[in-house]
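Note that the chains are named A, B, C and D in the order they appear, and that numbering of residues resets to 1 at the start of each chain.
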Amino acid sequence: MITKEMCQIVSHKEIAADIFKLTVEAEFVGQIKAPGQFVHIRVTNGWDPLLRRPISISSFDKKKNQLTMIYRREGKGTQLLSHLDTGKVVDILGPLGNGFPVGEVDKGQIALLVGGGIGVPPLYELSKQLTEKGVIVKHVLGFQSESHVFYKKEFSNYGETIVTTVDGSYGVKGLVTDVIKNLSFDCIFTCGPTPMLRAIKQEYSNKKVFLSLEERMGCGIGACFACVCKTGNDPLGNSYKKICSDGPVFRAEEVLI
Amino acid sequence: MITKEMCQIVSHKEIAADIFKLTVEAEFVGQIKAPGQFVHIRVTNGWDPLLRRPISISSFDKKKNQLTMIYRREGKGTQLLSHLDTGKVVDILGPLGNGFPVGEVDKGQIALLVGGGIGVPPLYELSKQLTEKGVIVKHVLGFQSESHVFYKKEFSNYGETIVTTVDGSYGVKGLVTDVIKNLSFDCIFTCGPTPMLRAIKQEYSNKKVFLSLEERMGCGIGACFACVCKTGNDPLGNSYKKICSDGPVFRAEEVLI
Amino acid sequence: MSRLNVELPGLKLKNPIMPASGCFGFGREYSQLYDLNLLGAIMIKATTVETRFGNPTPRVAETHAGMLNAIGLQNPGLDKVISEELPWLSQYDVPIIANVAGSVEEEYVEVARKISQSPNVHALELNISCPNVKTGGIAFGTIPEVAKQLTRKVKEVSEVPVYVKLSPNITNIVEMAKAVEAGGADGLSMINTLVGMKIDIKTGKPILANRTGGLSGPAIKPIAIRMIYEVSQVTNLPIIGMGGIQSAEDVIEFFYAGASAVAVGTANFVDPFVCPSIIEQLPELLEKLGFDHISECTGRSWKQNGQLAYHRS
Amino acid sequence: MSRLNVELPGLKLKNPIMPASGCFGFGREYSQLYDLNLLGAIMIKATTVETRFGNPTPRVAETHAGMLNAIGLQNPGLDKVISEELPWLSQYDVPIIANVAGSVEEEYVEVARKISQSPNVHALELNISCPNVKTGGIAFGTIPEVAKQLTRKVKEVSEVPVYVKLSPNITNIVEMAKAVEAGGADGLSMINTLVGMKIDIKTGKPILANRTGGLSGPAIKPIAIRMIYEVSQVTNLPIIGMGGIQSAEDVIEFFYAGASAVAVGTANFVDPFVCPSIIEQLPELLEKLGFDHISECTGRSWKQNGQLAYHRS
């Protein structure tokens, strides 16, 4: 069930340079099915900015009916969002899409969670759920530079966590893909910029790889055809997946990116 | 000097049904020349609503650098304005236009101040200044009904104050023009809906009458020609006054309304 | 007594509010959010003969009080729409208006002929104005003679009334409306989107992969209102108005301008419940404004005060 | 080194930012707010032969992220502009672009001939596109052959380069641009406003006394960008871009689309200091984006990556 709800803000703070952690109370938390689902946020009562903003659910608490999102302040919409104080309400549509299939990896197996920048947040709930299930999790988290790093400690609670930064100001200098080469694992779950996803998809076509994709969205629920991507193995080139409602998480071989 | 200033809100409250009293701190208070001038308020940082809203200066305090406005919550812009709490800042352009000529009436003479609805506020500072000068002031204030009445007590401090309501739920039932007939005075200062101004102008063409006009505005400073009105005694019909910069206060015979 | 029921050629509507084509797919997604029976009608996504993938992504970009889209008529194709989407929609007691598109005249004619035979399709919306496809589309929508010809051909084969959807990207909307009226149109639907572009400040390139896209949303409302105002005074065709509608007040404004029903597009993305909320709020607003029935509002902006409202169907 | 100085026919500008015609009067009011010498140029209010009162009020109405105006070319008339306004403006070291309007060809020609002789008028902006006057105006702006003819006539008498201001209310902006280029235009200025309407929900009547008005502001920016993108690729004329500009980022977007200078209209009403703030912010933004000079941005959205920027003057 997708619901539109006026959600009260429980806490809202900047946890790294331009990175905000927002926790709200929402009835629809009960409807969340898997880590990696997202919500669609209206940042104003007005009509400029017009569209909702898709933000991943980073973690949730079904007992408290709370969900947490982590977002980067970028453009007009997230700027406005970042000014909303605790106690105010925000209009959220969710939960949307299909998340990471926790069932695809078994107890005792090794899952590698690879996040790039603002692709990191949805992996947090995933890591928690995999750990609870007895899966061994390893994390590789890539950021621009030290000031952008967040959640290193939180991820470390669940398993080995390697941080890379492009400029080397924190952790390993370089890209996440440089680091992954040296790790052993059974399966990859990843979310981040498309070039990163593409590299992982190509390099590890022999492994189970799950990608969480991003695209500019209109409706967020599958009605407007804004967010399609082509599917793999389609000679006619006509078939497609909607990232908002069929995804955002796909098996790597399902989609062309 | 017209200034654009980010003004801090000192107090903001609803004083009658949908009528708000807003006091802000502004450096430009020192520049105010006469009662009846106005300011142009930007109610959002965004672009929807786009235009500033013209609101009269209802009173000011040069020592504290404070000015007070009284406005009715009507459409989109004043709705947004009404949600701004004490302590927030609001973008104000002012002081604008030319106010009521206090010098036109002498000590000991009787000035009649006639306000209709949201035309009442600018008369308040006028009444104060006339009183200080030794002019005898009388007020006739017209409202829709009891719940809309405001500032009856404040005006009473300066002189006789008759309130009329259209439905008779408070004060005299009827229009302000019904009441004025029975009063004696040397001069009228008035602000309110155009039909009221028109009636007063016609009825008292033998007296000194000063009208404060309203018109939809673009720039508010005289540059865009949005707010013109035709002038009296102009056979060619080409001459005009700009309400924002030549007015909003005019001698009745100066303008065609 | 309902204040909202209206009759237009082919359409007996419980209320004059419908989602606009392309903003509601074939109804499946919104059916998870509310009961589609609440709607006056549904304008389904443009249908072409063949399955179309449409344009590459990004396909949408946000603008001030508006958005650009360049979906490019992605749709499952005529056969699938007839065999899967329309039968699924038939569980609802809601007339369907099928949006008909194509690259060449023959294609429009084939889609119109076949889709108009579906039992729950009560009218066609002839999409001669989609700005996002390379061939056809907009060309049909900009040359009156071509539009008239196409309307005539489609009318010949259609089993249901035909509403022609006009493009606002033209010099003279009145001339176009008269041309399609002469071609036999039963009604008009207006407006489609305005061609626009947004450039990414960082990359220097257009945000949309298709470069240009169609501008919709509140930003274009004044243009829609003006065009409906002009056209409604010089044709006898009922108009389904659209372009930036987001509230019950907007609906009234469109009726005042000359519309007899309205469609809501972009606002569905902002508030997926916008159609049922408008339907719920309208009676009260009509009451407040002193109307017994919404049809009294049609054309009020240009009718003489005394002149009575009339039903056009 | 300045990153902002640009050269266009007749215009040596210290920066490419100027207030748009009709939104700045003849400069007197804004001169009380800041030093007009900061501006790249000033486009003054449309001038006609005779004094004009213009349309009845209300003349403006607000829309979503935009506004409608129907001023109706109110201006003091050619003689007064030449004898009072231009001499007053000559105290500033700022080139003036005179907006020339009229009802018939002869009127345009007379205004152009006389006003172009004023020493501080460095260029004319031929206003063939004002949507708010009954005669002339928009008709000149919608028929390419008529526009070409008018351009030629004005060119014959003008002592300074002529920029033709294009109307967006047409089917084919490219055809129009090419027509005025063939007529001898030295540059283009685009876009003027889109014809729109707003109806008062309470009265049921249009808010503007003139009923329709010209839509300006951020709402129309995507249309301006698209048109400049299209036109800049097929003519050799430099373009002064306008339509919804409110920030330094918007200026860059217009340059990317193909503009060589820009004008700011409606945003002056929202923030009277918008022009000087943009001028102040531009160098830093250019630095951030990696440009040594703003002219490198012109046409970037359609030029091949390797292709060098060129000065067109």
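We take it that a contact is a pair of C-beta atoms (placed from the backbone, for glycine too) under 8 Å apart; a residue touches a chain by one contact, two chains touch by 3 or more.
A quick note: this is a predicted structure, and the numbers were derived from the prediction, not measured.
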{"item": "Chain pair showing more contacts of the two, B-C and B-D", "value": "B-D"}
{"item": "Chain separated most widely from chain D, comparing mean CA positions", "value": "A"}
{"item": "Euclidean distance of C-alpha centroids - chain C vs chain D, Å", "value": "34"}
{"item": "Separation of mean Cα positions, chain D and chain A [Å, integer]", "value": "46"}
{"item": "Gap in Å, rounded to a whole number, between the CA centres of chain D and chain B", "value": "36"}
{"item": "Contacts with two or more other chains, residues of chain B listed in rising order", "value": "47-48"}
{"item": "Residues within chain C bordering two or more other chains", "value": "63-66, 217-218"}
{"item": "Chain contact graph, described as a line, ring, star, complete graph or other shape", "value": "complete"}
{"item": "Residues of chain A touching chain B in the complex", "value": "44, 46-48"}
{"item": "In the complex, chain A residues that touch chain C", "value": "1-2, 4, 42, 47-52, 93, 215-230, 237-240, 245"}
{"item": "Chain C residues touching chain D - in the complex, by the definition given at the top", "value": "63-66, 68, 142, 169-172, 194-199, 201-202, 204-206, 211-212, 215, 217-223, 225-226, 229, 244, 249, 252-253, 256-257, 289, 297, 300-301"}
{"item": "Parts of chain D lying in touch with chain A, wherever the complex brings them together", "value": "64-65, 218"}
{"item": "In the complex, chain D residues that touch chain B", "value": "22-25, 28-30, 32-33, 45, 51-54, 57-67, 69, 71, 74, 207, 217-218, 246, 266, 268-273"}
